[in-house]
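Both complexes shown next keep chain A, but they swap its partner, so chain B is in the first and chain C is in the second.
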Partner chain A sequence: MSLGVISEEECFGFMEDFVQRSKKSSEPWDLMEHGGKLYIYLKSWKVLSNQKDHSKVSDNSSDRISEPVETETDHTICSDEFSNACILFEYYVIYSESYSVPVLYFNVYNSNGGLVSLSDVWDLVPAHYKERLEENRWTFITQSEHPYLGRPYYQLHPCHTATLMKDVTSMTSSNACSNYLLSWLSAVGPVVLLSLPLTLASDT
Partner chain B sequence: MSEDRGILRSIWDGKIPVCFTLSQDEIIAEKPEPIYQMVPRITYFPLVTEKISKHLAQYIDKEKQGEMWLECDGVPIKWHYPIGVLYDLLGSSGSLPWKLTVHFQDFPDDEIMHCLSRDVVESHFMSTLKEADALKHRCNVINGMQKKDHKQMWTGLCHDKFDQFWPINKRLMEHTGDDLFKYIPFRIYQNDLPFIQKLFKPQSEEGHEHTLDDLLKFAVPELMESTDNTIFIHGIEVPLHSPLLWLSEHFSYPDNFLHICITQISTQESSKEW
Partner chain C sequence: MTQESNVLQFVPFNSFLDGGFWHKLSDNKLNHYGLDESIKPLTAWYYNGDSTGMPCRMNLEYTAFDNVGPPARCFRAHGNLYNKNTLDSFKEADKKQLLEELGSEIWKAVTTGSAITDPSKLSQFVLLAFADLKKYHYYFWFAFPAICPKTDFTLVKKPSKLSDKFSTEQISQLIDSYNNFQNSLKEYVGYFIIVEDTNTLIIDQLENTQKYLDDGKKVLFGFADPSTVESHPGWPLRNYLSLISYHWCKQLNNKVDIICFRYVSQAGIHNIGHSLYLTVNISTMSDIQDIPKCVGWEKNERQKLGPRFVNLSSSMDPSRLAESAVDLNLKLMRWRLLPELDLDVISQTKCLLLGAGTLGCNVARCLLGWGVRNITFIDNGRVSYSNPVRQTLFVFNDCKETAGGLLKAEAAADSLKKIFPGVNATGVNISIPMPGHTITDGAIKQTKDDIETLEKLVSAHDAIFLLLDTRESRWLPTLMAASKQKTVICAALGFDTFLVMRHGNQSYTDTGTSNVNIPLSQPIPGNHLGCYFCNDVVAPGDSTRDRTLDQQCTVSRPGMSFIASALAVELLVSLLQHKDKQTAPADTGVNDEINTECSLGLVPHQIRGFLSRYQQIMPASRAFDKCTACSKTVVQAYKDGGIEFLLKAFNEPHYLEDLTGLTLMHQETADAEVWDFDDEEEFSSMDTQ
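Then we have the complex of A and B:
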């Protein structure tokens, strides 16, 4: 793990652990399987508190590192007031054999079920990340083919994951509860509004 | 690999005649003539259809004009596959030119990726190239290149310039002595299914050179049991005993992947009758 990469077997182990931890949270992830390969999946509704300011987004958990503005507890029905600003995120974490790291695939749908375009996805990225990522706009989030579904999904490009995780794993290696997926997702997830509940990181 | 330059050149020069027809349902008045064009197998549709799009857009309702997309017999064309791969999968040698329908409405965004500018194609191409080098050299070669080298490869592909593209690409194809490619970058396509990509080394553990047959038996064993499949790379029925490393060096597309298409003989014959 010292190079920031992990084996497929390790990754599947972290996935199982991650899903187990998330069971106690308000947004439990699902462990899935495709042709003998494990992957994890989460469907998450978010409510935009103000359409003009997309960076302020709430979700259905109150215990977040980012600051939710509103709290929406109903997963499926949105009030009329928010109907235009209620969006659905689908997240997949799939192991990439080419890069030896996990990859985050996601799609965003508006309340009519239409796919949110890449430029609108960029509008959803919190401002402080956007500034830093602007230079790599064309390579950081891209549309690509979902390896198991064969349909278009947005992807956080895996080519920088190992570099990022090299530092993270060396810092946390002594920590018994460290889970590579947890460290990585809590670092990159907030860019695409995936904020993990703090309870996931606790041991009990 | 220099002695096989002729082969690299022939692969690069492969072209397909395509007939582009505007969708009947989207024409508002006068019907435009279909457009015929020879397109390189190794490139991507958005890089060769800009003029076609501009021309045909004159014949449609401007208010309903959305992003252009192509269709082949009801199947939306995935522009992010090289044209040669799409033709080997969806076309039929019995009916050239390859007939494609051009649409400007109802973009099927649940099936194909958006492509609003060349930047999107460039980013897709570079990321596939990077993945190929991750498989071959753990990204060491591509990350050791300068940005201008990446640009030279991209513009070489855009402008169909073999002599601009290959001097740089040669570095990605190099391996020294016993240090072969770590894995062979390949993707296997069958109609309607997501492509198959796995880790496969150029040599067996005993040091034997792997052949195309070894790769297919590993990646798609169930398909190799039946005899009514045809295997195409660049439209060529490649002998199964071909050494895989040699194929990777010479038959890869510009993105450095060996794109292998498997079609059933029965479906090919029935499409020929049409």
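Then we have the complex of A and C:
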């Protein structure tokens, strides 16, 4: 681990520990298995405050294809002032044998199942992380096929993970939290709006 | 009407689909459903643990088709998928009937009491859909049928919070009871009852309601509430109230207490205090003979009762995916190594490739790698049996497809599109007229057409690649490109030597420039550099091995085309990245110079390679004022004379040399040589030719 890389076995161990820790949080991760390989995933819905649904902006082509069915307004329906737009973040952590590090895959969806573009995602990244996004080299994002689902996902490219983690693990004192995934995700997560609750790090 | 302010209002469901759902639907449609329009069961789920502000969601994902049940702590909803084969049948589907069909099923579950034993029957939905799998366009419309009572449900008093109704102790008791109850079941259930039994609050199954009521116990009706709105319950309560009204209205004295159960756990702390406590007036529904009215079509994004639409081509259409993957790959290079790399200027450059042979094929592939999207080939040949092994866009079948093989230009363009559908590739089959090759009267019409086509193509592109196998055929495109100020990259192969160069980009307007003397120590600016013909006429200086290339590229070492093609493309890209573009001065690589104006490094004029020694040099040379292709005299004569001038150049052997003054120069040189050489030397130099 001193070189920033971990073995598959170590990684699976961290995944199990990570999922166990997250069970208590409001966003528990799930441990999955595919062909003997473990991976973890999280679905997280986020409200876009004061924003319209991304999918709600453009197209009104569907309006033309059908006549409204109910013309009279239903006064038992709560008005739509409460319906905020929200988007779905889907994260996967999968071990990469060729890089010997975990890899983060993610997609962001509108409510209609359409993908939110990367640039729109980055518009949502808080300003103080944006600097990091531009400065840091390990946050490069590419699109590739999800190794198990076979669908395209964005991927935080793994080629800088080891370098980053080498520094992190060398700084970590013996009594601090020692889950590799936790250290790594809390470092790279914010640039893709993945924030981990602090409670994950507590050992109790 | 005064009652209306008390009317109980419900927060409707918002359908939320993820990409996996559409992937699976498309897959099923292609591999299982085919044209079968029959109803398919779906499973969706909702959740009562969202924090305030989240919309009231009905979620469908990849697993919606598999009946695997909801995720942990979530609640099941049953759906009917009506997947239509055409947009018309989607439009024409009787929406009222669809809603009523499912509504009557729910009503049946209410009246028979089957919803008491399996309350998930109260949570049902319709999904009407049409998937256009050619365009990856999806039209869809959800309905969450809710049975309407004769008169609206009204609130007895304002809703209160659970934390105002119960003590902290009772609430933590309720949390425990809830977890015990739900965890004892196979799957979380969205409807349940809360009964006070000797000072403890017990959560129990709905089917025990009758027993508790008969025992005279106070029964509160609980449901998992997906709404996060402070004052309003979510949609599931509607059918629940109907069920309650139908079965227990009398025993409850037309009044029912409801707990809208909301359960948030954050940082290990569980909280239900924000759940709503409602007291609702109900009236009996058991006397309803027909099927009651049903509502529930979902509003779309514009708050209209209408279908929704999503275009998933960018994430599902393989060719769109290829495009975005290629783009991302290139962007990665910029993000990672060269922040100043301008990818747009590359992808927007329209490239005209003269020659679809070994150089043309490889240049095109390399251009694709850089994200160039517009590539046009010109060639007049057909794919022959010797071609595919060296010419990387062709395969054996191209040779035997039609008599004599496919047209090379078209076959190359088609092949490029097979490699990357996002490319706009065209093949044009024309011959390029050459000086010294007489045009017969019969061929004049065709020649004029070809010239016109070539002119249009040169105008329509930004970079012209000269990848032809003869020297003469490069003349006309060189001249046209010079007169239109286009970037020209020229590549030529000898047996084991190659030349890759960019043509100078002279402005021709400023009379002074071509004769300005720049000190030899200074790099030659791009607008003073020579073209293929300038350099060919000027004899090479240092050694016989570095001599001008011979023109027989078909007898070259096979690896040379790859090297030269790659360098040709990289030279164009370097030039495009230079601040001064076409007028970028020529780097020659002496003294380990670095180029600060181009992020990719040096921008040479020529690269001459000698494979026998695995060596390359980067000479630069000036435009020659008597050049037969790019000198001001010739360009002006072409601009003035047009096609008539060209015909003279093709038909009259010495016309160009006379025009530029080369004839005169050759005479002078010859005269000088006579004086310089003695007889013996003259003979030996003739032998080597």
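Quick notes
Operating definition for what follows: the second predicted complex is superposed on the first by the 156 of 204 C-alpha atoms of A that agree within 3 Å, B and C clash if a C-alpha of one lies under 4 Å from a C-alpha of the other, contacts with A are read in each partner's own complex, and residues count from 1 in each chain.
Criterion: a residue touches a chain if its C-beta (ideal position, glycine included) is under 8 Å from a C-beta of that chain, and two chains touch if they have at least 3 such contacts.
Because the structure is predicted, anything quoted here is derived from the model rather than measured.
Contacts of A:109 after superposition on the shared chain: chain C is touched, whereas chain B is not.
Shared-chain residue A:97: touches chain B; no touch with chain C.
Shared-chain residue A:147: touches chain B; no touch with chain C. Legend: residue contacts after superposition of the two complexes on their common chain; A:163 is shown touching neither chain B nor chain C. Once chain A of one complex is fitted onto chain A of the other, the partner contacts of A:7 are absent, as it touches neither chain B nor chain C. For chain A, the partner that touches more of its residues is C, with chain B and chain C as the two candidates.
In the superposition on chain A, A:25 makes contact with chain C only, not with chain B. Across the two superposed structures, the residue set of chain A contacted by chain B and also by chain C is 115, 142-144, 149, 151-152, 157. Of all residues in chain B, only 78, 80, 109-114, 119-120, 122-124, 126-127, 130-131, 134-135, 139, 185, 193-195, 197-199 touch chain A in the complex they form. Chain contact summary for the complex, chain C toward chain A: residues 4, 7-12, 14-23, 49-51, 53-57, 62, 71-72, 87, 90-91, 95-96, 99, 138-141, 148, 152-153, 229, 232, 238, 264-268, 295, 297, 299-312, 314-315, 321, 324-325, 328-329, 332, 335-336. Chain A contributes residues 97-99, 115, 117-118, 138-139, 142-152, 157, 159 to its touches with chain B in the complex. Interface of chain A with chain C (complex): residues 24-26, 28, 30, 43, 45, 47, 49, 53, 55-56, 59-63, 65-66, 68-70, 74-80, 82-86, 88, 90, 107, 109-115, 137, 140-144, 149, 151-152, 157, 197-199.
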